[in-house]
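Next up, some structures in structure tokens.
Two complexes come next, and they have one chain in common, chain A, joined by chain B in the first and chain C in the second.
Up next is the complex of A and B:
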């Protein structure tokens, strides 16, 4: 293998794929990227066996071939180098020689034959979804993905649950995440029918990487959802997440607004700002803000024995009796940040869950459990 | 505002002497859990060369030769005696911070006319009311008070004031004995030729900040008489609580292992309830073999709870599951422990969506009742059967004195003819 490539292009390509490598795996080759030539292109592939990616970069191929190189190691070097054309040549001593002007590096490589096979063959099958829809779904739900081991729970919570269904005969795609303390659900209508009514889980890391790709990609991109994989496709990049089967808790009953007799309408931004102020005075150990919802106002109370206490009154309108209830402010802040305009806060009583949704859109719902006070 | 540090002299030994006056003037030592090492010595035992932390077996010869009285640790007695000392101090000076089982900081009135005389008065009262001798250090900062208390221990009058001329005291204090100077910094300072507290105090601030960061600078400022550390006005809350013990004998049986771990879990749960906390995470470890043996090792397991709890039955249920997972038949277990972490305010626990709360008002009342019974009638008055009744695995305490103040069965007897 002997190629010449613009340093900036190579760096950009590596930055795209680096997140897909596995740093802590017992398989050292997964911390490497596979670089191989194909026609006049350099193809860089990375995988952790669950999420995979390949990018195509324009380069001058003097001699075709392949090698695997440590992704972070190479990227760290590229970041420090000046701009210019880089020459990468695989030598017989089992290393690659990288040259740019007076800089010369020899990096150890691994056998490209050992690199796991990455299969993108089914990227043309399944339902096409606009990347913006997936990005919005991730943004509205990502924060409530469980970070714990969930060992004692029978559910798979370390990812987003994706399910299809029909509402008044209109097919929809729904994403739900939970960390057992809160639940986020977002629904989008779709044109084509795809049957994953049994639901499927997208792992957390895959969501993170796909979101990053969507954010940095050009206009000509699309997502494809098949039963086993979610693909991201653009002109020079293809990524896939292997979807995993796993059980997700039945949540439809708890997000029905009819089940909540107390309704509060409040300006989301005003409440968000008030909660941010309260958060500055929340003690690390209690991590709670007391909400008192009444006829025309919502009053927030927070206290830190070491710093002091705060009381903030926000205008709101309410139907139902007054409620005195305590929540983790972080949970409220996460979902209020996704709402512009009015928010609807629905409650059962002072001990039960709280359902939050935008005042003008019931396709996004967040359920938060209160604190036991 | 001056500070005083009241430090109980040879505290564990002093507690033993209160109920056994015959020990006065005799060499006495107290052993650690499972009778392993020396953890307290009377002045007479110190004079014989018995070192702090020395394994018991290593000084057995001196102990036999000089007829040293040896006691297993009796933490029920020491805890209760400590409470009495602290209660007495609280009456004498309400502005108090309990620093450890045998030390308390007091904040004194600014215009106290004669600190030494005040200290002598406190010393006399504590001795008279509790039987425990104390040393008192008084200074303009907590660090100087601590230095003064260290010096006072070696003085017959037992009270030292570092107000007017702290340097005279600091010049004779080893830098390693300064509060806030750990082993690492002490080694570093000594390697640089700084051996006394006075030499440390006289170092330039820039040097201190560069080599010892802001915590080091705080210590030095305190040595200079500038108070940087105030009396703790917020109760100290631990971030995790551990209960671990070596077994009194080898444990092979799963039932016994479950019993021991359940007992430790029960104790740890009691501790977190006492500070008003609930645990979000439970960890257990089992140690097999001793370090000298082949095949020794430690296995551990942890679980994150769906909802933080301090309810003992729930914690016992979880640790028993974990013990079952870790247990290997044929292994000889020597020690086990339970760590409760991720502690949150017990009154504000985040509810779970999927697991109904196991703590109900009734279960909370049950725990409160158990705790108050055990507090009133002594630890172990009411326990969970899962923690065992006979407890054959319990650590060795062959030389423990009676729990004179916390057990009805072990009250001292007064005989009259």
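Up next is the complex of A and C:
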């Protein structure tokens, strides 16, 4: 293998894929990327066996071939180098020689034959979805993914649940996440039917990487969802997440707005700011804010035994009796940040769950459980 | 024939004696008290190869006149009080008038004594309480009591004695105990003609404590003195790393009397809580001086039990003094090497550091240099982070030592303290779960959890029986993740089942378990900002030195020690 490539291109490509490598695995090769030539292109592949990616980069191929190289190691070097054309040559001593001007490196590589096979063959199957839809779904739900200690991996709660269904014969795709204390659900209508009504789980890391790719990519991209995988496809990049089948708590019943007799309408931004003030005061452990919802106002009370207390009144309109209830302000802040304009807060009583949705859009719903003394 | 008989005088005396004199060590105890009450400043004890066969105690106290000597061996005779009115304010060790007569009634005894100024002394010899011989004796000022053939007339009691080695150990314990309390008195013990103990008179308790407890305790003891609301407290606290598996090194004295009191022991344990590993007991010598009318010593003939009129005041004061001392951790400060410079307790107050940091002779040759780190203040945050070992141990340095800090234990302690504060301020709100987490338990486990449910609730975990032996977790402290709940509950149950959890301390143990689950694990890589945040958190919760289970947070290796390893120093 002997190629010449613009340093900046290589660095950008590596940055894209580096997140997909697995640094802590017992398989050292997963911390490497696979570089191989294909026609006039250099293809860089990375995988942690669940999420995989490949980027195609323009380069000058003098001699085709393949190698693996430690992703972060190479990237750290590239970051410090000046711009220019870089030449990468695999030598017989089992290393690659990297040359740029007067810089010469010899890096150890691993046998490319041992690199796990990445299968992108099904990228042309399944339902096409706009990347913005997936991004919005992730943004609206990511915060309520359970953050376990990592010791006891529960995919169900450490990922997002994706499910399809039909509402009034219009098919939809729904993403839900929960950490058992709150639940986020986002629904999008889709044009054509796809049946994953059994539901599948997208692991947290996959969500993060896909979101990063969407954010950094150009316009001409699309996503494909099939039963087993989610693909991200752009001109030079393909990424895939292996989806895991798993059960998710039954939530349809708790997010039905009919089940909530008390309705409060409040300006999301105003409430958000008030809550930020409260949470600046309360400590990590007694992280709670008391909400008193009444006819025309919502009053927030927060106190910290060591620092002091705060009371903030926010205008709101309400139907139903007054409610005095305590919540973790963090949970409210997370979902209120996703709402512009009015927010609708639905309650059952002072001990039951609370359902929040934007005033003008019931496709995004957040359920928050109260706290009690 | 009548079944109820009046017991003979002899039998009554044997029964009474049995309460006071249980073993050779009790004889030594009673006679030591007499010697101390007599104002002696030199007491020597000698025992034979079996302590019950021969005990001799001589003192240089005030001695007795001949008439008094005859009376002294009778029961309920004493020079220490005159009427029951004085019982309310006893200032001598003895007062019941039973000790000597009890000893005499179960042994063959010879007592010789001479008062100051008398030309000759006198002696009395008794057997089973009866006087067999009296006469004049040539002897120095003071009293010598020789007890032979203890329990010769009560074979049942004799059978209960342990091996001579054990009995001898008990005698040593008694002498050590009084020696701790009376540093000014010279004590010596000889067994089978060999010197076992020789304690020179000392000016203050700390020096005596080091002499009694052994050289291992050198520099590991700290004396505090507080005085409040009629109670004066002096405590010689040993560093928690000197803890023992038994309570032998917990010495408590009230008004100069050695006592075994639950209030004091539990106050000590409370003070040490969080500093000791389970089933370890601290080393401490505690002196409580309190108005004699505030305490009742006349509870039991051996006088080791007492009753405080206001136990909670004593409890609170002892516990908080120890806590403060431990928080202050005076052991780790460099001290003057010269023992003469060791502070006496009149100069030491609990809130004041004993020797200011870095002023020791050790450092005179060390160039003064500015702080290695910008962070000012706390014990931990003032040290410079120099690295992390195996992603588990944070390495810190200051001018004179290297510190190896356990990251998991440290974080655990921080979480524990915060959770405890939250609970004591009454606000550990629980976060309700959307769906209860169900935990299936074995029948034994279920019984355990049922019993401690209210305590678990106080820590913020709300449980509910779910039929059968399944338990539903309805709410958890907001700091916990629902993924942790299962393992926490099982962990708590297991600890209760193996008895690692003390029954009194369940709540604390539960908090510790929760804190442990919430803490960063060993092997997790922390970046520098996280490490600094952890150090600052540690200082914020009072710079503790041990994890909630009592394991130390760090090991300090002095630079001198390193220099010795590397042969830079002789």
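Assume the second predicted complex is superposed on the first by the 366 of 373 C-alpha atoms of A that agree within 3 Å, B and C clash if a C-alpha of one lies under 4 Å from a C-alpha of the other, contacts with A are read in each partner's own complex, and residues count from 1 in each chain.
One rule holds in what follows: a contact is a pair of C-beta atoms (placed from the backbone, for glycine too) under 8 Å apart; a residue touches a chain by one contact, two chains touch by 3 or more.
Owing to the predicted nature of the structure, the values given are computational and were not obtained by experimental measurement.
After superposition onto chain A, the partners chain B and chain C occupy overlapping space and clash. In the superposition on chain A, no contact is made by A:102 with either chain B or chain C. Of the two partner chains placed by the overlay, chain B and chain C both lie in contact with A:249. Within the three-chain superposition, the chain B stretch that clashes with chain C turns out to be 308-316, the only such case among 110-118, 290-298 or 308-316.
For the contact definition in use here, the residues of chain A common to its chain B contact set and its chain C contact set are 148-149, 151-152, 178, 180-183, 249, 254, 283, 285-288, 305-306, 326, 328, 353, 367, 369-373.
Per the touch definition, chain C reaches chain A in the complex via residues 418-419, 421-422, 425-435, 437, 462, 475, 477-479, 481-484, 486-487, 517, 521. Chain contact summary for the complex, chain A toward chain C: residues 146-149, 151-152, 154, 157-158, 178-183, 249, 251, 254, 283-288, 305-306, 326, 328, 351, 353, 367, 369-373. Every residue of chain A that touches chain B in the complex is listed here, in rising order: 148-153, 155, 178, 180-183, 249, 254, 283, 285-288, 305-306, 326, 328, 353, 367, 369-373.
Those residues of chain B lying in contact with chain A across their complex are 234, 237, 277, 303-307, 318, 343-345, 347-355, 357, 359.
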